[in-house]
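Structure incoming, see below.
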Amino acid sequence: MTLTDIGMPHGLDLVPRLPEGAAPLNRKSFTSDQEVRWCPGCGDYAILSAVQSFLPELGVAPENVVVVSGIGCSSRFPYYVDTYGMHSIHGRAPAIATGVAVARPDLSVWVATGDGDALSIGGNHLIHAMRRNVNLKILLFNNEIYGLTKGQYSPTSPTGTVTKSTPTGSVDRPFNPVSLALGSEATFVARTMDSDRKHFTEVLRAAAAHRGTALIEILQNCPIFNDGAYDVLKDRTSAQSRILWLEAGEEVTVGAEKETVAVWSGGSGINLIPRSEAEPALILHHDPAAADPSQAFALSRLDDPALSHIAMGIFRQVSAPAYDDGVRAQVDAARSAAGPVDDAAMEKLLAGGDTWTVGES
Amino acid sequence: MSKPTQQLDQVVIRFAGDSGDGMQLTGDRFTSDAAVFGNDLATLPNYPAEIRAPQGTILGVSSFQLHIADHHIQTPGDAPNVLVAMNPAALKANLGDLPRGAMIIADTDEFSTRNLGKVGYAANPLADGSLSSYHVHALGLTSLTVEALADAEITRKEKERAKNMFALGLLLWLYSRPTDSTERFLTSKFGKKPEVLAANLAALKAGYNYGETSEDFAVHYEVAAAPMRAGTYRNVTGNAATAYGLATAAYKGGLRLVLGSYPITPASEILHNLAAMKRVGVTTVQAEDEIAGIGVALGASYAGALGVTTTSGPGLALKTETVGLAVTLELPLVVVDVQRGGPSTGLPTKTEQADLLQAMFGRNGESPVAIIAAQSPADCFSAAFEACRIAVTYRTPVILLTDGYLANGSEPWRLPTMAELPELVPAFTTEPNHTKTDGTPMLAPYKRDPVTLARPWTIPGTPGLQHRIGGIEKADITGEINYEPDNHEKMVRLRQAKVDGIAASITPLDVDDPDGDAEVLILGWGSTYGPIAAAVAEARKEGAKVARAHLRHLNPFPANTGEVLRSYAKVVVPEMNLGQLALLLRAKYLVDVTSHTAVRGLPFRSSELAEVIVAATKELSK
Amino acid sequence: MTLTDIGMPHGLDLVPRLPEGAAPLNRKSFTSDQEVRWCPGCGDYAILSAVQSFLPELGVAPENVVVVSGIGCSSRFPYYVDTYGMHSIHGRAPAIATGVAVARPDLSVWVATGDGDALSIGGNHLIHAMRRNVNLKILLFNNEIYGLTKGQYSPTSPTGTVTKSTPTGSVDRPFNPVSLALGSEATFVARTMDSDRKHFTEVLRAAAAHRGTALIEILQNCPIFNDGAYDVLKDRTSAQSRILWLEAGEEVTVGAEKETVAVWSGGSGINLIPRSEAEPALILHHDPAAADPSQAFALSRLDDPALSHIAMGIFRQVSAPAYDDGVRAQVDAARSAAGPVDDAAMEKLLAGGDTWTVGES
Amino acid sequence: MSKPTQQLDQVVIRFAGDSGDGMQLTGDRFTSDAAVFGNDLATLPNYPAEIRAPQGTILGVSSFQLHIADHHIQTPGDAPNVLVAMNPAALKANLGDLPRGAMIIADTDEFSTRNLGKVGYAANPLADGSLSSYHVHALGLTSLTVEALADAEITRKEKERAKNMFALGLLLWLYSRPTDSTERFLTSKFGKKPEVLAANLAALKAGYNYGETSEDFAVHYEVAAAPMRAGTYRNVTGNAATAYGLATAAYKGGLRLVLGSYPITPASEILHNLAAMKRVGVTTVQAEDEIAGIGVALGASYAGALGVTTTSGPGLALKTETVGLAVTLELPLVVVDVQRGGPSTGLPTKTEQADLLQAMFGRNGESPVAIIAAQSPADCFSAAFEACRIAVTYRTPVILLTDGYLANGSEPWRLPTMAELPELVPAFTTEPNHTKTDGTPMLAPYKRDPVTLARPWTIPGTPGLQHRIGGIEKADITGEINYEPDNHEKMVRLRQAKVDGIAASITPLDVDDPDGDAEVLILGWGSTYGPIAAAVAEARKEGAKVARAHLRHLNPFPANTGEVLRSYAKVVVPEMNLGQLALLLRAKYLVDVTSHTAVRGLPFRSSELAEVIVAATKELSK
């Protein structure tokens, strides 16, 4: 399978693709020999499985894929994928992965991170990676809890969350990762769910095709410390009345019969109203490629802690120069203008401007 | 007809003025001219911390001292023979450092009542006789400059701004230097602004001519070229030399240099210098903070580049967690700490040596790294190169300590040729290095080189060698996560042994003990090299029997260090901190070394050190 | 002057106000004896002067005001204001100020910070302060440069900015501080200019009245390292065609005659079109109090690096529980339920559940 | 009719099972019962690092060891007399620690071929005779539990989950303990889930009755209460005691406690504990990261609260820059570091003492802080209180070192009364403390107390004392920004002198040398207190003449430390690191102390230490 097969004209530019006729890769090609160590029923299993099943589609040999993570249950991810991988320190994966991407255009670089890792301690690196638009695919496992440290509330936990560190309920309001990403100039932002393999895979495909940073928020269940956080989105019927599936060019709707539609309502953002009450021309159409992220942002605001509504899918997908490409281009331009880097070139560099020579005396 | 010329063996000149007066540039230019002329030299820029202080205040004084000589010198000099004072603040701030008989050139135009008042001069010191023990040349530098530029089509303010070139011209005349190299410099700098260029050139010439014609100056001086080892030389600051050393090491290793850095005084110029080296393939990332800076560097090293990060003390404090990760990952990484006055924000533009123990111990757990220090501005090149060699050879983070004094100071640098530099061998793994129990070949990412104890550097993209590493304790050989007590014990000791083993690859501590009969050893590290060497020379002139050694490697120490320490009755360790090297030496060798410390944000004066040394020898002979 | 005088019903709740009849405060009351040390012409002077002139309006004694800053030229601010102040370390002011606010409801807490301090190294603390809605008034001096370290580009510098660290131009795209703040759940976000004392003061007044975090982005000129960055907004005529002055309840327009108006344009955010072409009903009215921040976000996107248009004023001003109030309320509730904290209460606390007693033997 | 009872003076029991088997709870309950009964005791929980490992694997084994005795004990014991093994993995992981003759109680239901295979047992060790040197009780714990709950209206899975209560019941019977306190505990825990409560109670009773009736158990045992100082006691873990100590110190100082913290193993429980103390006015902020955590604490201290931050090694690494700021600001601040295995992420759930040098030196510049260490779980209370005392009295950051062993281990704690605790005196400034040259009164924020060298703590809200502080070097007395060389030198030395001067307020190092004739001194710090004390007692039994001392204050050391060191021919310093205290002692006192180090993530075994001690005494007498 080649790049173009999955409509990936730029995401993997510069990454060597498997030669025609090479033995096809499969899920096993991306499965390491390490025992998987998550709690029974953890949503991370489904995420791992979806990614392992998707990666062969890239048509990239496992050795050209790198997965960098921070610390957290979710950050154990790299151990299980048979690529190059680094389980780094808490919150720093985007920075480290930026170093990998800048140094090596021939690698497909992924980041695995959790809501605590990415949005609490690692918040700064995350927003800067998105602003710069580094060639990174970031999988943000959002279980609205610190799993690894045994269940403290996280920056995505709804206000009032009772945990060991907040016995009378958390006081602060959560981040909406999609809003934050859009406020940080992200060029690709999507939301999906651990349990929806099909949708997840579609999002992965689009992310891989994207040049620059792709942030994928994955709603993930932690059965041990925050079980059922997303149950209403997983139950088929309750999901139907809550999830707005975003599709490029399509109307933004919700309901089994798409009977509720999204309309722009002046100063108060997007409203959801019965189709019967909507002027057809005013029903929103989703346009992830819009240069202006405002409508995507408005869609992210439909989300509320009670999950009465939530949009899923690709909020934004626009093309913009990637940081590492730009950095490389400057170096390449300087190099090709200056000629080969050999001993003479280095000596000239060191000599700088004024020099003087002292002869043998 | 020229005025008579008098020969001098050396001179120390200090240019001092307001931050806006261009003293750093003036000093730099004089330095370049002296360098090209062939003097040995050393410089000491000294500028206000951080923000521009109000004009004309003591806090706003910026100075640049340079020492030129016809022989080998080690320091920018303790006391200026000449002070150029562009205003009362500059005079007041610097007068205390002048020995009697020194020359003062002052701009009378700036000695207005208002300006005098700003710095608390009740009367004009140029007029009240208080400077009678100096040799004062009071002249209207500003008005002379403006006059000389009467016809120039620029504002009065712009004309005034050229007064530093007038001063430079005068000094060039005073020390019998041609103006042409400065003229070339100005031409390239102001090429796009012809009026400004013309004004600066005219001011320079006017200053020069003023010396030649004014009756105020009866003689001028000449400091002959110093004998130097054959070669091509340039003048270089420590920060520039560090940048060159890093880039050169990467080149010699066939590696791409990736710098991840966040600006901080006094380290920013290394970033600036490397950012301008794209033509030799250097990549720089100005990161969002220090942690990201080292993260980028570590990611780059992981990917097969030479990852480097540069900072100063407060930034190193932020990077420590990531240095610890690099210790566990056992990847090459160079961390440059240009030390400044601390603690906390401290004295950002001043120098100090107080980060040695932070470099040594500032991480959780048993987390050894190699540490080396540069000893002079030009030596920053070799020290940076050596840091890269150790990092690459031993797969370890290396902390390179320089400081504010080295960073901004400059001296002549004999340019190395690429051929004379050693190779760096990254030796990336390309094949499995181990076999599984069932006989299939595998990569064992923590199987070590038996000599260096380095683990393989196996970079992404290498087929068949995919593996995962991380900050949790790893199993010996396989590198898998491992929580077992015995394995942890083994790995902790292996990491320590690897770093200790670097001693095998470094040159022994070299002692300068000309007659071999000294009983006192002066042992230093880092930027005190010059002041100590000068002080020892001075002390010897006074008859003191004293030996001298200087540590480049602070961790591990050279193998013979203990032996050297024990062969002297007394060991004095001068440091610009409260005794950090002394602590390490005492702990390791149980030798009762004597600390001599000063924490003043300034390099040692060699004359003061010489007294200390003489006293130490006398005390012993009592 | 009292709280209600400036319409400040909640911003200073719990902060003691000067008693009726107390000697009135003036600018001098807030001027310290320290010499001001910025470069001649620096925009920071105007900002300092505006703030010193405004503070007396609070009706709060200088000792009840605290200013915390990080590191940067702008962060020298506290030295010049005769209140309590801390010049802390780079990027950390929001965290330290959060500690002050949590510990002391009776203080008016301000943060002075720069674009580097707040958005580069301090990005994480800033977004978390806004998410939590801590009672802080944050003055963000945005000169699009690192002044103190002598002119490297910052996260707000336009792409292509040439500095010592980017001799061939910066590659990364800048943050829009207003967008970032809105994406971080900020409850009060405004933009103003160093040189526009009147507008600045209005914004300060509204910020002081706000309960929770108020972020004020102040466009500030650095004549030394980034001179003229905002010249087109300072020149009266060029400003007229560029600045959209946001006023609650008013149409969003630009131009001397308000001849260009803002309309919502489907997926592509807000468009600026000639009034003549706009359907009057569709012209946007500004509503900073809208619960949904989407329109405010869209307004922030009008900004572009060339400054052809930029909105100024209060983008958002909504009421939401403040973090420190919530934290205090939980402590107060627990305390008042448990009764006085005396020796007996402490001993009971230490005893916990199971205890046993050993007698004298 | 009861079975016969046999008296024991002590017993060490280890409960071991899968992470999901509730071993920590079981151990905790037995501990509580033993405590209430009046035994002396010490516990050692040991659970898998971080993530839940797959069921039934070695990595997933969680254990809880407790040592109960009728006399004063110091450690949780080296080798269990009884192992409760809930599955094959638990047996395999722990068997190596059992002495011959130990009792093993194993759940046969879990010894299925599949489970045996998971841990590499080819045959069932309960059946193949390989355990013949142990005293094995193999019983179907799971099936017995399920049977006992036949009528309960819960799922089979829930029934099975109660098997830990069956095991607990059996052990309570075995050691002649009543079940009523556990019954009360269960009632309060499961009050809202009556079926689960009923099941647990039934399982507990069933286990107890099984012991009473089954022929498998012929005798049961009794360990009498230990003589203890009169008072009211509770059992407490180190993390809980730390939280109590902090809250109590704040109360005694009339200060609000504000904790800024970010969760991290093994420190999180201090946050959890303090978060549950709102009723005594404790405020906790779970910050976005460690830097913000200490920032919040420092801001709170600045505002007049007692600011505290809690973390483990990697978190301390991140906090160092802010600790440096606190050093310059000279404000009270308590930083608790619950040390874990390092470097980097290391061994998060294991214990180690390798952050001492990080605490001491992990900051840029000369940046001294006070350091103290707790020596047992209950002692964490006093150590935390003392840390607060020093912080408040000296206006300085204090780093309190505990570790994973103390954090999770527990022991009886004699509850202090508020009256017996010392007062803490914040002594906020309310008036000017200085006069300007013109005679007007002013606040001089850096004018020091002549005895403690502490500067005034002047908090916002105090009229007329507005002032500004920051991280740039400050002028002596006035605290204004100051870049002058002499002032910097003075301030650097003043800050050092202040911290050194704390020695005047601490108790001298106390040496336990019963006969006064020992030539060997064993000197420890921190959590090795128990193991060392036990080992010394053991060595003395074997006739060794040995003295023992333990350092609570690591910086500064008690004033008599050098004297103590020099009064012994040999000083052995056992540490769970590579010799960090030894390094400090050697550097400071030039005494050739002998390091005995182990870095295994586990506390020392006292038997091993005893051997080391005996060997040291023998060597000396050679």
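All chains are identified by letter, namely A, B, C and D, in their written order; residue positions are counted from 1 within each chain.
The definition used in the following text is that contacts are C-beta pairs under 8 Å (C-beta built on N, C-alpha and C of every residue); 3 or more make two chains touch, one makes a residue touch a chain.
What you see is a predicted model, and the numbers here were worked out from it, not measured in a lab.
Trainee: Considering A-D alongside C-D, which chain pair is linked by more C-beta pairs in contact?
Mentor: Most contacts of the two pairs: C-D.
Trainee: Take the average of all CA coordinates in subunit A, do the same for subunit B, and state the distance between these two points in whole angstrom.
Mentor: Once rounded, the distance between the two centres reads 43 Å.
Trainee: What is the distance in Å between the mean C-alpha positions of subunit B and subunit C?
Mentor: From the centre of subunit B to the centre of subunit C is 40 Å.
Trainee: Touching at least two other chains at once: which residues of subunit D meet that condition?
Mentor: 59, 278, 288-289, 314, 321, 324-325, 344-345, 470-472 - these are the residues of subunit D that touch more than one other chain.
Trainee: Quick check: what residues of subunit C touch more than one other chain, meaning two or more?
Mentor: 71, 89, 120-121, 123-124, 128, 155, 168, 327, 330, 333-334
Trainee: Indicate which of the five shapes (line, ring, star, complete, other) describes how the chains touch one another.
Mentor: complete
Trainee: Please output the residues of subunit A touching subunit C within their complex, sorted ascending.
Mentor: It is residues 120-124, 127-128, 131-133, 155, 168-169, 171-176, 179-185, 264, 266-270, 284-287, 290-295, 297-298, 301, 320-321, 323, 326-327, 330, 333-334 of subunit A that touch subunit C.
Trainee: Show which residues of subunit A lie in contact with subunit D when the two form their complex.
Mentor: On the subunit A side, the touching residues are 35-40, 71, 73, 76, 89-91, 120-121, 123, 146, 148-150, 152-153, 155, 164-168, 224.
Trainee: Name, in rising order, each residue of subunit C that touches subunit D in their complex.
Mentor: Per the stated touch rule, the residues are 32, 34, 61-66, 68, 71, 78-79, 82-89, 92, 95-104, 106-107, 124-125, 128, 327-328, 330-331, 333-335, 337-338, 341, 343, 345-347, 349-361.
Trainee: Sort out for me which residues of subunit B touch subunit D in the complex.
Mentor: Residues 48-49, 59, 312-314, 316-318, 320-321, 324-325, 327-328, 339, 341-350, 352, 354-355, 357-358, 360-367, 470-473, 483, 485-486, 488-489, 492-493, 495-496, 577-578, 583-584, 586-588, 590, 592, 598-602.
Trainee: Applying the document's contact rule, which stretches of subunit D touch subunit C when the two form their complex?
Mentor: Result: residues 32, 35-38, 181, 185, 227-236, 240, 244, 247-248, 251, 256, 258, 260, 277-283, 285, 287-289, 291-292, 295-305, 307, 321-322, 324-325, 329, 415-419, 459-472, 480-481 of subunit D touch subunit C.
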